[in-house]
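Below, subunit A partners subunit B and then partners subunit C, in two separate complexes.
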Partner chain A sequence: MGFFRSILRGKPRRHKPSSSPPPVLSPASGQGPISKDLESNIQQLQARLSQSPDLVTRRFPIKSTGERAALIYLDSLSDKVAVNHDVLRPLMHETSADPQIENLVTVGRIKSETGLGQIVKDILQGASALFIANKGAAYIIDTHGWPQRAIEDPQLEASLKGAHQGFVETSSQNIALIRRYIPDRELKMIELEVGARGLTTVSILYLADVAKPEVLQELVDRIKQIDIDALLSSGELEEYIEDNPYSPFPQFSTTERPDSVASQILQGRLAIVVDKSPGVLIGPANFAMFFQSIDDYSIRWQVSSFIRLLRFGAFFLTIFLPSFYIAVISYNFEVIPLKLLLSVGESRQGVPFPPIVEALIMELTLEMLKEAGIRLPAPIGQTVGIVGAIVIGQATVQAGVVSNIMVIVVSLTALSSFIIPNNDMSAAIRLIRFPMMLAAFVYGLLGVGIGMLIVLGHLISLESLGTPYFSPFGPLRFADLKDSIIRLPMWKMVKRPLSSGAVQQRKHGSNRGGNR
Partner chain B sequence: MNRFCQAVLVILIALGMALLPGCYDQMNLEDASIALMLGLDVDNNGQFLVYTQSPVFSREAKEKTETVMVTADSIRLSRAKFDAVFTGITTGGKLQTILIGKRLLQKKEWFTLFDMFYRVPKLTETPRAVVVDGSVKDIFEFKPGDKPRLSLHMSKLIDTANMSDITVLTNLQELRRQMKEKGMTPSLSLIKKGKDDVLVTGTALINKKNTFAGQLSLQESTLLLILQNQINGVPSLVLDFGPAKEEEDGGNETEATVKNVIAIDITSYKRKVHTGFSNGKFSFHVDLHFNIVITTLQRMDSMSKREDKPAIERMITSALTKDIDALISKCQRASVDPFGFGLYARAYQYKSWKSVQNEWDKAFAEAEVGVHVKTSIKSFGVLE
Partner chain C sequence: MKKYALNDITFFQYIFMIHGSQLGFGLLSLPADLAKSAGTDGWISLLFGWLLAILGSLITLQVMKKHPDLTVYDLLPRYFGRVLGAVMNVCLIGYFLLGFFIAFSALIGFFKVELLSNTPNFLMVLLFLLPTYNLARNQVRILGRYAEISFWGFLWLSLVYLYPLKDSHWIHMLPILKEGWGPVLHGIKTTGIAFLGFEISLVLYPFLKHKEKAAAGIIIGNSITLVMYMIVTVVSFLFFSPDDLLSYEFPTLKVLKVMEFRFLERVEIVVLVAYVFLSIRVWTHYLFAATFGISRLLGKQDHKLFVKLVSIGTLLTYIFYKPSFHEMGNMLGMFGHLGWVTAFVFPCFLLAYTSIIRRKEGGR
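Right, the complex of A and B next:
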């Protein structure tokens, strides 16, 4: 029954400490120091990286010393300008009084490496290896340069007043974007490598004097215990480290906005930057976080509070409106006001299906339309809208397949699920409404009530990195309510939220006479 | 994997068990025949008649409501007969109006017919109880062309009539209170089928023996609501100061078409009841203080000046006192207390009340009720 218990109680997933991980085939296997013989080194390396036409081996004499040398790099992963101008040119053409290689090569990152496995690993990540005859070590020169995207407006999280820079697929760039917001020496970083084959760099960013050390340790432990082939995106990482893998609710917040990440780090949370992925994970997350948007803090606080209320209202509407409709139509129609009841009755006349079938048809159509709209290329995507408008809006009603009221219910559900700013949360609640509809069909309003209690109980039991997920509502934390279903002015929020577990509570001074 | 299979199995079993007890009370809207109006009457042979009317949701149907009349021994029994006729299953959860024939009110124990409404939780307590002066059948057969669905029209008619203070609004819950209350007698809205319409004619009074005891006109109903302290908004009263004589061209005096009338709006009023007991009789002194606005001074042009204010106030006071006194003595003659004076007797003269509590109707008929009216005119209108 562990499965059940973990679904209902949100038991954190325990990673068994793997004492001896089974050996996974990787380029790093078969360790050994390199020899002093240049040609044998080159042969060994080429054997390791066979069938790689983009592997370049450039043999040349070093001008300053006259030693024979070879530069080996992967053409596709290297910055050719750096290789040609900063490595090859000074080595081949310049004479220097100081024959040290480090002083000849005009590249910042350079290190000496003896293990062949590590050299292969570095080459595969875009470095150039410089072998010199009769030396038992190779120089690893950082010349990486891979295809990357320019920094653009984040497409999934549009903002009216926020910054227009979004994360890209290179973690160094992403970290740079975050550092621009927090040029503080306490902004620390832990770098871990995940995936035996993929070798994805995962960096945890946090404020050392603010973030709770226990939470950080828990996160590091969980990431270290991951034993997989390759990590392709931050969403995959989330699945490996979240507390309750059976919950439909997201337990880390994913964002591609550096300003959101900076704001969360400043509140004492941890940001997980995954290389090759533009989504940055933020933990420990709580329920209210998924209803916040960075724009909330740059518009008037009254407007922002109103929008927050709207979003929480939309949360309930999305989950309960279709089920409420079903329950009321098929069990408890006494609760509808008479006038509405008559128009519902008139609208439902001639509909050949029971309410549950009617609702399922429409809600599933809506989900299909949404999915079709996401995957289709933009020029074809417009057609989906037209089909949706005609199919959902008109034809089904005119054909008498569904009632007008059902169309209103579906459109309201769709609308309210779309105003939830976080896509993961929006998807979660859209999914939950289907079991709710079944409960409503079987038990009427009683079923809706039971469903509501189950969802509530689950939310209260859920944890994110060992901190309560449903904070500030359960456990009730009055101080944190300032930035939950409403948003008070910034100068009122003197302290960091309790839900982040920040050890340094005070955020700023009493501006404008804010309390304390 | 084994654990996973086990979990799936458990979920399936749980779902199956969850589904078993479900659906038993399911009733889709389209399967229901929602009775909006119920009529209760007695025919010439003393047979109990039940009428019901419910909306029909169908594009093909010409008539948008269906009406059925059955003879039955109880309301519950009539349901089976309704189900035999109606497309759907009859439900009373949305009942708006219950029409009670005046003839039924003359039967003893008619109120026990309503027992079901207070017992079955799915039935509603809020339908308006209305007495029909005449045959209930006439109203159910009435198909007005210029009105919405009759059942909606009826409930709206009673509500708005109560809003303009020309009749009481007694729903089933309130009816039960008034029936069971020792210190008062029930009052119900009274309607009548006119030639091409249904009209509110005032208030029906029911005595302690639960039978029809008389009726009040529209204006009397307003005064009743004032005495009950149940006024909604601003009630209007029209005070008639006798027929005006008019000299025709020929010199003959005839009754004028345009009468001596003062119409007033009562913008606010205060009511205070003093309860006493002496010489084996209860005595009630009702102080009423009206703040009024003159809305019409018909044929009284000579008095429309500000200096005439005390004179007009005196006229209105005496007219109101006379009307209220007449209303109270009318009720005392019929041995009914729709005002609820008995509640005051119980509150302030409990010892004396205790001995007469089961014959309050008789005690009230002998009681001394005095009304002291004070009026102050707040405005003569926007003329000045």
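Right, the complex of A and C next:
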């Protein structure tokens, strides 16, 4: 399998496949099953969870059978209503002809567990453990209830016509949101646990009869190989499982919109839901995916094609406009017409810096403004706008630090980088433009051209989960171009994109057939 | 066992890789060279060159067909024994390396003259080596993808050449064969060099997914090259007068000097930069072929290390050795002769040898 993988990707993996990652806190490490003695069990458990004031140990006799029992749970992680009403109350007050615990407790998920380690693990994730005297097993009752946020409008990906529900930090909720879109029995899930300490549940959702099994296997293998302490967000996971760790380009698409995820799953891709993280990863990703937004499919296709073109144009503009400016001003001034050159020269009169310094000052200021805008708390945030208008504006020009044209260039770059719908992609291309500016400074237009060549070569050689990243363009796939730089009407896209590697190609019938 | 499975290239990628290996420095100098040797009948020589190239390609395919899963580097030791095969492999690797070096140097020299005359040599080499390394270290399928996308992405360049046609004088072409067949045949020597590059299929063939289409692919590849050469040659012939043409080194480029837009003067600089995207294919393909050969020879899986070594070697060479433009021309000519030996004589020899061997084996 390893050999197959390495060929599929054409290069050796970066993390070495260790046959069995050394477990730091495995469920059964050095601790056998629990004993029959109730008190010793409680003591052992309390010893393990010492210094936890929120650990509640409630001793009581079970009314139906008269046995002594103890319920242990973490106060902070449990749903108190469920514990009180569905567990303690029936056990302490109700008599039943059938003394089975499973029949007394009115909670859906209940299982019997003997390993102390596993019990501790479950308690730490919010379950309650019910110990009964003279029984060698404890009941693990699912009573978890932790602080969580209500489902809100996805803030980072606004949409005009799309749904207004965004993912939250609980993976079960997120999966529910996705399942609502695809109530199909073929929507399968693989659940994995990542992080020896963090125990983060990572679920892979896919359509079993559409997604390519090799890609799925590759993803599962990669996630299984991860050996870390804790996984705090989906962005971290992305870094551990991506194909090329040195690339500035995102190799998984992150979204907080369930409708986007559903649409990608329907195209044969895999969605990776990471518990405790509102961003869902989608792979295998391709370049064009980062220029699509869910709104594209609910507006007129001509309009949406136009917007797509605009975005790809913005991609080039962001990377190459500042470098083109530098190249033209400092090297290849013969390229632009004389009149324009004169007005540029006039505007640059009195600017003491060479174009590269001028551009670097302004572009770095822009980056600072952007970063400040994100991190500042809302009440102070307004100041950024006011200050920004001064540093990238007429005041700087009048002070004689930069030229008018440069201000226009910087503003255009900012604007064009903002219309790229995916934040990761927009950050990547904003970063790339700096080396481009240096290349333009040293080599002029030729440097810009070669820079473009390097970016192109890099994009072509990138792969995401073993499938080509630059897909509809890289290996040219004419059928996939329908939904890339333009968007044709939905009824034209009868097949799933080749780039997702979907096994089942046909998506839907041609809904415009017949005599209409 | 299929040795190169999962790394295969499609039919179109094969076509464009063949075409990409051919369209190099020749594109710039061809019209002038042809005008020198064959006058305005040069386009006929071009046709002959094309025919020869197709003949050579088909012979190469005949050889490769016998062992569809092996590159020439695996083939030679099988036929000639380990020692002799290794020696031949080394020669072949040397040829490809030389091809890389010459194509690379020619372009650098050209860009130095045209765009950046004050930039130090090694800075230029560094600039061009970066994308070269970036591409050549990858597997064949990536090179195939590049060849494909660069062809479609820069097809507009051929449209640019329709613009100078507004000042064309068809009278320049007449009379056809004004000096008989002599100059035309003389011109074949020039055009032959321009079509070199199809010998890359010695290495590419086993990677092709649908081998039954290989012949069609190589013919189409050569024909695309012919069309490109024909466009620039004919446009240059029509635009410049036959005498004027001789005074330019790179008429392909000078033709565009007449273009001028409101928003863009000197279109030829933009074309020049775009030309990098096309010509890089020539030397990356040669570099890949060479380093792939080295990795085969030494039994290594990956050729990346050798790409790195060759790149560093090139950079070091350029610090001590600065070929003049004239020397470069001579080297190009020399490489042309060598190329015809490799691309034409070598496959013929292989074909003859293998048929004899097979007959012998059949006889036993």
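Operating definition for what follows: the second predicted complex is superposed on the first by the 490 of 516 C-alpha atoms of A that agree within 3 Å, B and C clash if a C-alpha of one lies under 4 Å from a C-alpha of the other, contacts with A are read in each partner's own complex, and residues count from 1 in each chain.
Following the convention adopted for this analysis, a contact is a pair of C-beta atoms (placed from the backbone, for glycine too) under 8 Å apart; a residue touches a chain by one contact, two chains touch by 3 or more.
Here the structure is a predicted model, which means the values were calculated and not measured.
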Which superposed partner A:Ile329 touches (first subunit B, second subunit C, both, neither): first
Per-residue touch tally on subunit A - higher for subunit B or for subunit C: C
Which of subunit B and subunit C A:Leu476 touches, first, second, both or neither: second
First, second, both or neither for A:Gly345, with subunit B first and subunit C second: first
First (subunit B), second (subunit C), both or neither touched by A:Gly457: second
Partner chain in contact with A:Tyr443 - subunit B first, subunit C second, else both or neither: both
Touching partner for A:Asp98 - first (subunit B), second (subunit C), both, neither: neither
Touching partner for A:Pro355 - first (subunit B), second (subunit C), both, neither: first
Touching both subunit B and subunit C, residues of subunit A: 334, 338, 442-444, 447
Subunit B contact footprint on subunit A (complex, rising order): 1-4, 329-331, 333-334, 338, 341-342, 344-346, 348-351, 354-355, 441-444, 447
Residues of subunit B defined as touching subunit A within the complex: 3-4, 6-7, 10-11, 18-19, 22-23, 25-30, 32, 34, 36, 55, 57-59, 91, 93-94, 96, 122, 124, 149, 152
Interfacial residue positions of subunit A with respect to subunit C in the complex: 7-8, 10-11, 332, 334-338, 340, 439, 442-450, 452-454, 456-458, 460-461, 468, 470, 473-476
For the subunit C and subunit A complex, residues of the former touching the latter: 5-7, 10, 12-13, 111, 115-116, 119, 123, 127-128, 130-131, 134-135, 138-139, 141-142, 144-146, 148-149, 152, 262-266, 269-270, 272-274, 276-277, 280, 302
